[in-house]
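Okay, handing you the structure first.
When the chains are written out, they are named A, B and C in that same order, and each has its own residue count from 1.
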Amino acid sequence: MNERQGFKFIAIFLNMAWFASFVLIPGLMVVGISFMTRDTGTFFSPPLTLTQYRELLDPVYAKVLGTSLIYSLNTTLLCLCVSYPFAWILSQASKHRRPLLLMMVIIPFWTSSLIRTYALVILMKANGIINTLLLAPGIISEPVSLLYTDFAVYVGLVYSLLPFMILPLYAVMEKMDLRLLEAARDLGASEYQVFVHVVLPLSLPGVLAGCIMVFLPAMGLFYIPDLLGGAKTMLMGNFIKNQFLTAMNWPFGSAASVFLLMLMGLMIIIYFTFSRRFNRHQTL
Amino acid sequence: MTRWLKISWVSAVFTFLYGPLLVLMVFSFNQARYTTSWQGFSLKWYMRLLDNPQLLDAFFNSLTVALISSMVATALGTLGAFAVSRYRFAGRKLFFGLVYSVMMSPDIVMGISLLMLFVLAGLTPGFLTLLIAHVTFCLPFVIVLVHARISGFDPAVVDAARDLGARDHEVFFKIIVPMILPAVLAGWLLSFTLSLDDVIISFFVTGPGFEILPLKIYSMVKLGVTPEVNALCTVLFLLTLAAVSAAHVLTKEIKK
Amino acid sequence: MPVVRLQNVCKSFNNQPVINDLNLDIHKGEFLTLLGPSGCGKTTVLRLIAGLETCDSGTLFINGRDQTRMPACDRDVNTVFQSYALFPHMTVFDNIAFGLKLKKKPARQIRERVKETLTLVKLEGLETRSIHGLSGGQQQRVAIARAIVNQPLILLLDEPLSALDLKLRKQMRLDLRHLHRKLGITFVFVTHDQEEALTLSDRVVVMNHGTIQQTGTPKDIYETPVNLFVADFVGESNIFDARVTRTSGSDMEIHFQGIAKIVQNRRNFKSGQAVKMLLRPEDMTVARIQAQCPAGSLPGRVTEMIYKGTTVDLIIRLDSGQEVFVTEFFNEDDQDIFYDVNEPVCVSWIKGWEVTLADE
């Protein structure tokens, strides 16, 4: 092995070792511990068991699971409905205006979701801006409680995750060959038909990527129900957090995490199956 | 779609995205304690921040972790991306598989898995554990950015440099480093903001002895809203804004 | 003494042999072209000379010295890359000055040399421009300038014109020839474009599957190809299967397409031997049929006529069923070279213009 290869070997080895130690091994630990029994002294003990998974299906916990899934699903749909037209308008904006508009989407994408959630708290408090604005002209007669409602949780989730939907959609739409739309129109398609037969199918990879990027994190953002939903709403994130920090039940918390990992695996499989099929269509 | 509808849709979305932040920032300069009405411009909440040693500590801790973890992630990730792009090896697929699964995996799962690892390894949660966790979630971003840059340029430039008389170290410092520099800087800036803003993973891997800003904000907000938090959030937001804008300019340079 | 000598050179990639026991001498000051289809190993030969690849076995002499193992950075050879490989983070000046700076030449001298070279490639005054703002043709010239500013012993050009459009390509051909004459250094040029090879070179090396098929002047290569590959790859050919029926002195009688004809016997063919006979489209003549074709010419019918300005191309289906391609030049005496489709014609040629090769 010469010097250059040695350097490459070390560089790759360091990265691989890092991922193995802090991603692969902890991940396998989560899976392993999910099959163990709770133990108050050592967190978990050996007898291998499916108890945790059976318990996860118990109506009490299955309900948490189901609720969290519904929250994620609704959040994803809301984000999609808002983002799809938005991303399309953005992608069709004039060339010199696009960078600025895109930049304005990227800034919230990278900024702390906690800070943005907190900004919503201020807006929605009983003595917050929205109430003040509604009270002053007499639209409402007494402060309505926006905070600590389902509505607030949805606003919070959509607010935090919206850029994750917009960016993949925009990325696909910007690359779309506009001559295809012209060709469709030239062949006699109405605006509606152009959308259904050309724009929508071509933007599907973006829709899929956006949905995955919203759906999965929406299950874990525990501070949003904490700050906006009071303690009433429970997402998977809150549930897992409680298992690890309050109930000290590692195996049960791990089992719930494995559920999230399986969901992630499923989404990756869906994404790759669809994008492969899509690519094949494109090369035809 | 009519022009009017387009404009209002875009304005509505941007208002939704920026309105709350704007209100937050405006009220951080409000004289009054409550965020209901404007009672005049004041910097008193910022002054109060400076008088709060706990907050300053947390801020300093956050900056330290963000700086060090982003630098470690950038160094490691740049080396990795460079090696991977110039060297076909059997584990290449596994490597990128790991990179993308880290980017995809839910923060909460990463948080609890690292928590368990650190507890079992006997590490006291604090600076070191936080640092490791932050490097771990920043690393993939650096790798992807730098790798994209390297695979974007013509591999023949390295041949050209050698042909013109450059030795290995000259090729590296005169050609490769300047060419990937924008991507490296962008990766570093984005790592910095990711680290500065992270809540979920940090929540699990830090201990009471080492408080960082986002978690401090979280606990303050849970206890009740105070105007200091407005000021604090404004500071943090502006910091990320600066870093993200700089990174964005650099990634645009990459695409050129 | 040749400026480059490759002796029994072999090179494989992933156990796939790319260069097979290759021997080649390149003479000082000549314009040599390596011509061949893609994958024939011509670029590998170039990279071996540049030092960007090392020979698996065999020896490479540059200027009489064994430099088989010498790294690229120490060789007195520079390359113009197919993709130009300009450094995107540098200006035109910095790109061209790169090699001189590495050799630690004084700044003043570097400035002068870069300026001279830019004039030579007709890019005066572009020193401070960034690479991104240049057109394809300008980038090409910067790539050439970056190589020749180092005054190398040999300039290697790896399909440098392939990315340019036709008009620019023709202009660059002229400029390259001019540059070669002016600099007096050895040019080794790689291309798959036979027209480029024929118009530019002093000598052409035709390659296929990692071996040299023929080496010679463009005229040799075109007029007397040594095998079917060369004949087929360089220019267009009509190829006929034929059999020698009788030999006498420097002539022989062959049978093909149902006729017999006396042709020259340059390769000592024996009676009864199967041969391939090659005819270039422009070497054949077409005549309107009178009553019957004269002896030694082939009857057929015009199936296509393509007007090309200075020539007329005819596709003729012979009575045997084989199609031949004939190019007729406009001629003051004979304005009448326009034929109707399906018109019966006779095809013939002047004895000695054919090339006969053994049937491999």
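Everything that follows uses one rule, which is that contacts are C-beta pairs under 8 Å (C-beta built on N, C-alpha and C of every residue); 3 or more make two chains touch, one makes a residue touch a chain.
Please read all numbers here as calculations on a predicted model, not as lab measurements.
Contact with subunit A and subunit B alike is made by no chain in this entry. The pair of chains sharing the greatest count of C-beta contacts is A-B. Centroids built from CA atoms put subunit B at 18 Å from subunit A.
Subunit C has its Cα centroid 56 Å from the Cα centroid of subunit B.
Centre-to-centre, using mean CA coordinates, subunit A is 59 Å away from subunit C. Interface residues of subunit C facing subunit B in the complex, by the touch rule stated above, are 47, 50-52, 71-74, 77-79, 81-83, 85-89, 98-99, 102-103, 132, 146-147, 150.
The residues of subunit B lying in touch with subunit C in their complex are 153-154, 156-157, 159-167, 170, 174-175, 178-179, 256.
Subunit A contributes residues 4-5, 7-9, 11-12, 14-16, 18-19, 22-27, 29-30, 33, 43, 82-83, 85-86, 89-90, 99, 101, 103-108, 110-116, 118-123, 125, 127-129, 132, 159, 162-163, 212, 216-217, 219-223, 226-227, 236-237, 240-241, 244-245, 250, 253-254, 257, 260-261, 264, 267-268 to its touches with subunit B in the complex.
Subunit B makes touch with subunit A in their complex at residues 1, 6, 9-10, 13-14, 16-21, 23-24, 27, 34-37, 76-77, 79-80, 82-84, 86-87, 89, 91, 94-95, 98-99, 101-102, 104-110, 112-117, 119-120, 132-133, 135-136, 139, 143, 168, 190, 193-194, 196-197, 199-200, 203-204, 214, 217-218, 221-222, 225, 229-230, 233, 236-237, 240-241, 244-245, 247-248, 252.
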